[in-house]
Amino acid sequence: MQFLDIVQLLDTSIRLGTPLLFACLAGLFSERSGVVDIGLEGKMLIAAFFSAAFAYYSGNAWVGLLAGIAASVLLAVIHGLASITFRGNQLISGVAINFLAAGMTVLIAQSWFKQGGRTPPLTGNGRFGNVELPFAIGPSDAEAAGRPLSQMIAEAGPVQQFYSELISGHSILVYLGLITVAATWWILFRTRFGLRLRAVGENPAAVDTAGVSVIQLRYAAVLICGVLCGLAGAYMATSLQAGFVKDMTAGRGFIALAALIFAKWRPVYAMWACMLFGFFQALETRPDLIEAVIGMKVQIQLLGALPYILTVVILAGFIGKAIPPKASAEPYIKER
Amino acid sequence: EPALIFDLGGKFDKSFNEAAFGGATRWAEETGGTFREIELQSEAQREQALRRFAEAGANPIVMTGFAFGNVLSEVAPDYPDTKFAIIDMVVDSPNVRSVVFNEHEGSYLVGMMAAQASKSGTVGFIGGMDIPLIRKFACGYVQGVKAVNPDATVIQNMTGTTPAAWNDPVKGSELTKAQIAQGADVVYAAAGGTGVGVLQTAADENILSIGVDSNQNYLHSGKVLTSMMKRVDNAVYEAMKAGEGLETGFNVMGVANGGIDYAMDEHNASLVSDDMKASVDMAKGKIASGELAVHDYMSDNTCPVE
Amino acid sequence: MTAPAIELKGISKAFGPVQANKDISISVQPGTIHGIIGENGAGKSTLMSILYGFYKADAGEIFIKGQKTLIPDSQHAIKAGIGMVFQHFKLVENFTVLENIILGAEDGAMLNTSLGKARKELKHLAEEYGLNVDPDEVIENLSVGHQQRVEILKALYRKAEILILDEPTGVLTPAEADQLFRILDRLREEGKTIILITHKLREIMDTTDTVSVMRRGQMTATVKTSETSPEELAELMVGRKVLLRVDKEIAKPGETILDVKGLRVIDEKGVERVKGIDLHVRAGEILGIAGVAGNGQSELLEVLGGFADGTGVITMNGSEIPLSGHGADGRARRDAGISHVPEDRQREGLIMEYSAWENTVFGYHRDKDHQAGLLMDNAAIQAEAQEKMDRFDVRPPNPKLAAKNFSGGNQQKIVLAREIERNPDLLLIGQPTRGVDIGAIEFIHQQIVNLRDQGKAILLVSVELDEIMSLSDRIAVMFDGHIMGERDPAQTNERELGLLMAGITDTSAVADDAKGASEEALNDG
Amino acid sequence: MDKMPKWADIVLIPVISLLLAAFFSALVILAIGENPLEALKLMVDGALMRSSGWGYTLYYATNFMFTGLAVAVAFHARLFNIGGEGQAMIAGLGVALVCLYIPWPHWSLAILGASVGAACFGALWALIPAYLQARRGSHIVITTIMFNFIAAALLNYVLVELLRPVGAMDPASAKFPAGTHLPSFQDMFSTETTKMFRGAPANVSFFLALAACVFVWLLIWRTRLGYEIRAFGQSESAAKYAGISPVRITVIAMLISGALAGMMAVNTTMGESERLILNATEGAGFIGIAVALMGRNHPFGVFLAAILFGFLYQGGAELALWTNIPRELIVVIQALVILFTGALDNMVREPIEKLFIAMRRRNA
């Protein structure tokens, strides 16, 4: 295996890890506030659809992004109503939301586009283009040179390879994802809002008696969760892909949930966990590399199941215990 | 009234099912008739759809995809007065017409074109679900490539092992990127809806792609080298046109009878040189005449070349 | 006369079908300590939580310093100068003291500035009131007493003029309680107003200026402390004259039934709760275990009852019983002749959703006489339940009613009926009368004594010294997981036991004192 | 004092929730430009007005009874088994192994063998999450979700690499031998003159599901184990006090739950497809959640709710067949039912409770 292979594998990992990352941070905000969210998947899915649909109609990916976020936030509000206002079972609410999204996306897509639950492919500005950082070899250089980009990068030095392939050339949302990690950390541990958020996930009564509204805090967290899931879904439909197809999130919301546990509800760990799981997905595209490195074929089914297996191992507490925020999944009930 | 049942990939997969839909639409336009259709959403619906259409008097009932094989063999005997046509699978029943295609022949032709268009000597193949049918595509393709350039490398990937593999453009896209990274500059997608992602990425990354089943050249004009056309549309069209008098039995569509071809149009005219076209047409003629035999993977589940 | 610091008018509050407060009015003068007493469930905490904006009243008005004030949430209460220390602390356990203090009272959107300011302020408050805590310590590492300090600091940091304390001494040793009262005095001198909820008549008599009595959701009286007596308060609390003594004969102990040697218990958090104790209970006697809550009594009962693990040697009727692993569960204990009335009947003794009859076999549901083939013999169990309930005067005597629909006293009777009727060799009984009305208390005490007189061994744990004193034949005092000493109830007094409960074994100075003298000492303390 | 009478809890509230779900479903249908009444009529026609419609309805209901009971039993122990899907998948493997590798002389024996296989494999797949919950405190909801995915991967591997006959395309096992073919309703109820349940997949497993309902009822309300399961579900601390081992109950309740979920494989794999296919469960494991919620965790309620969902499933398929409404409509309805009967329960419950308390006050 060559250096470039590694770089390319990591490059793929980042692309595939980014939707996980947004969803994982979304879950982090929600769960840190004490609201468990197994509906990440549904919110991503509905955002993917609406972002694709609106990007298609408007021809503008940013419009799509906003629409996706709005749709995801709407589902987040339903989850908030169920788990905060009506103090219902958060897990059941999450299950309902996943089904709601799975059904509604196809229903609406069929009604709008009559293409069996998909949107027409997005072109041009309907998708997020890739950002070409200064000094990187990008498609425009390739165009100018009239040669395939892959060849030009293969011929470059390792630093340039690393820079052009791994650092440069991603969608703007990928960079936004990384910024979100830092922002999440900062908000959580350096701001008043973060302090209260962490407190309400541990002991809502303490927050309440300190004169802060538990309901507002939790809604804030759930809404942030909605926005981030919206980004995750929009990234999938308008950046990673060019349009929506039925069930396109394919369980990524659950992988993000797994990553959240893996990361022990911490933002920086969350980034590493998502990139690791993105890496597993990347490996699925390069069976040749796996074979070259470990000398035998690995079943792709095993590779696909690896994030789940690892999460179970982590949950079992054999490798460091993952302790969720104390009040998570508990509705805040004052009067029985 | 004829009926058409689409397999799980969906009517608008830009490929296999869409071709069938195209054939049915052509029939409807030409004859002014109407047809019933349904897109399957789940496995359990297969049988139900067949039976309900049969009971409702639809005739003939056309279905696309090998996955109907099992179910049809059970249902067909229950409705002896109804004619069925199944594409891509052989069902042995007196009221069933089984249409199969010599995909290996068409794949051979586009393989030849890929090898001639490739500058790097490395070309790619991306299959949908890992089943013998798709290996048949791959095997024909590799034979075509090697016929032109025995030293060429063909990178092969399958998207998955379940029907979901027909509809996973994200994975298709990533597989394409991986193949490009390994030097491929022409990729052939035989992957249903997944191929949309393959063609998209190939266009994004400025390499050539080859479409499948329908003519997909228009999807990315000037970026799609050609398409391996499996005239599912013709098969459906003919079945519907025959109506209740549909001739049953085994029906092989190949290069010889126009069931298999490669696509040429204004979108790829600039990509295919006259030399290329000449050599491919020569092979086509030889295959049609039987002079050139392309190995069919499904005949013995092996492929002589890698 | 100045306007009252607080005036509540016509406060009512219902929790579903339960009327917790009913048309309550009360007024508290500034610069005083106002006590509120009442039995469990009388509605004291509810009333104060309404004042603090934790619950919303269904009806009624609140006046602060003569101003009508709306308190829809705690933020408004804090703004109005009210601070409250809840019965169950409201702290974020994995936050530091400092973080808990500033929570909700931050100075800006950024944490750094708030933390800096709070640190200074905290130091200042600590010096002024002698409330020392390490600002950087995490709450879960603090003792209960220190956690309470943090709660008080939280209120003071928010500049509370009115401080509500809900049963602050329940979790404190007598010494810690004394210190708390000194701080409260200090605050009163500064002109702050304090509302103190407690069950302990002595605390009321010693520290308050005025006292209000609540019963069944209503305010029955407000009197000047100097013009009342404990007896009068007790009568106001329960609505009739109270007999505080139990009639019983001298015990005639037989052979040792339970023998405990070197028992140690480590709880789930890894803290050692019982640190090697020895004790024994003989047939026909009641051994009372006294102590402030949280000194290992609960864990002692749990291990003996078979639902916590421990180490050491325990023999029952001469044969050793396992303390962990196989055979160390409640079922095995019952088979060994141990019955157990748990401390918390609602969380342990009963399944609240189960009907009374189902509860009468809880723990014994696997016994042969409750089976009909593979299934449970529900008809027989119901008939038996009816009988038991009649005998124990459970009201209403309807076995089909769910346990949650009985009052606390009657729930306790159901548990007692179940455990006593099994005719055990040893009865473990924890807090037998917690939350039980006076009438039921007398009944329950009588049942315990009767069982003793039948020659059964009884191990009684209670935080109510009165109860321990009046029921026990021997008293052992637990402090910090140790047994500090054993006393004969006839030859000790509350003062001596109080010292033992605080961990002071040198009680020679008070041991011989006459009862009157000890009371005097308390009064000037 | 109870807040409201029992009938209100078990009948009134579910009915109101259901009406709400129906109302919103109608809105959805309107929103995609179709007529809800027409749709309902089509669904009723297709699912209830023909014997073969019933044959499908009862076939689906059989699955949902099993998975609904599975969720309900776990709920009684206050465990949320969201892994019915995975358990049923793996149970399908159990059925396939039993049917493929043991030569059964007659279906009546084969169904017993297959039931044992299904129950054991389903239970096994529930065992690990149960053990992890009981011993290591890993949240069972998360672990069972993970196990659903792991099950799918495992089944995929087994079907593609091990059980698929050479040369076959489908990721599916070979056909089961004739000795294992279960009588369908068509076989059982058709006469010479009238064909009943023609082509419908309902088969004897339906009666197995009915038996399971009775079994669960007896288990939960009449046996010591049921007593202990419910006690544990109501109060873990009390259960400990009574000598009921939380570990034991957690594991046993999940084993029973997993076995019940697994039993649906007898219906799908042995009764219907007569070979193991990849997606035999088709989400029935998740529908079990809705069924249990609606049925208030009572076997009779589960039975009724399962029939209702069977109707929705069959009716939804008919809709997809004859109109432009995709089958996903049922997924939406299912989501709304779960939402209103489960997550938004308090939205319906609280006003009704208040009403009853107010009424009682007035009467008092």
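Labels for the chains are A, B, C and D, by order of writing; each one numbers its residues from 1.
We take it that contacts are C-beta pairs under 8 Å (C-beta built on N, C-alpha and C of every residue); 3 or more make two chains touch, one makes a residue touch a chain.
Just so we're clear, the structure is a prediction, and the values are computed from it rather than from any experiment.
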item: Chain whose Cα centroid lies at the greatest distance from that of chain C; value: B
item: Inter-chain centre distance, chain A versus chain B - centres from mean C-alpha coordinates, in Å; value: 34
item: Chain centre separation in whole Å, for chain C relative to chain B (CA means); value: 78
item: Cα-centroid distance, chain C relative to chain D, in whole angstrom; value: 46
item: Multi-chain contact residues (two or more partners), chain B; value: 39, 161
item: Junction residues of chain D, two or more chains touched; value: 156, 160, 326, 328
item: Numbers and ranges of chain C residues touching at least 2 other chains; value: 16
item: Pairwise chain contacts under the document criterion; value: A-B, A-C, A-D, B-D, C-D
item: Residue ranges of chain C touching chain D (in the complex, touch as defined); value: 14, 16-18, 305-307, 329-334, 340, 342, 344, 347-354, 358, 362-363, 365-366, 371, 374-376, 378, 402, 405
item: Chain A residues within the chain D interface of the complex; value: 38, 78, 81-83, 86-93, 95-100, 102-108, 110-111, 114, 116-117, 251, 254, 257-258, 261, 299, 301-302, 304-305, 308-309, 311-312, 315-317, 324
item: Touching residues on chain C, where the partner in the complex is chain A; value: 15-16, 52, 54-55, 73-79, 84, 86, 90-95, 99-100, 102-106, 108-112, 114, 154
item: In the complex with chain C, residue positions of chain A that touch it; value: 189-196, 198-199, 202-203, 205-213, 326, 334-336
item: In the complex, chain B residues that touch chain D; value: 38-39, 41-45, 47-49, 51-53, 66-67, 69-70, 75, 78, 89, 130-133, 161-163, 298, 301
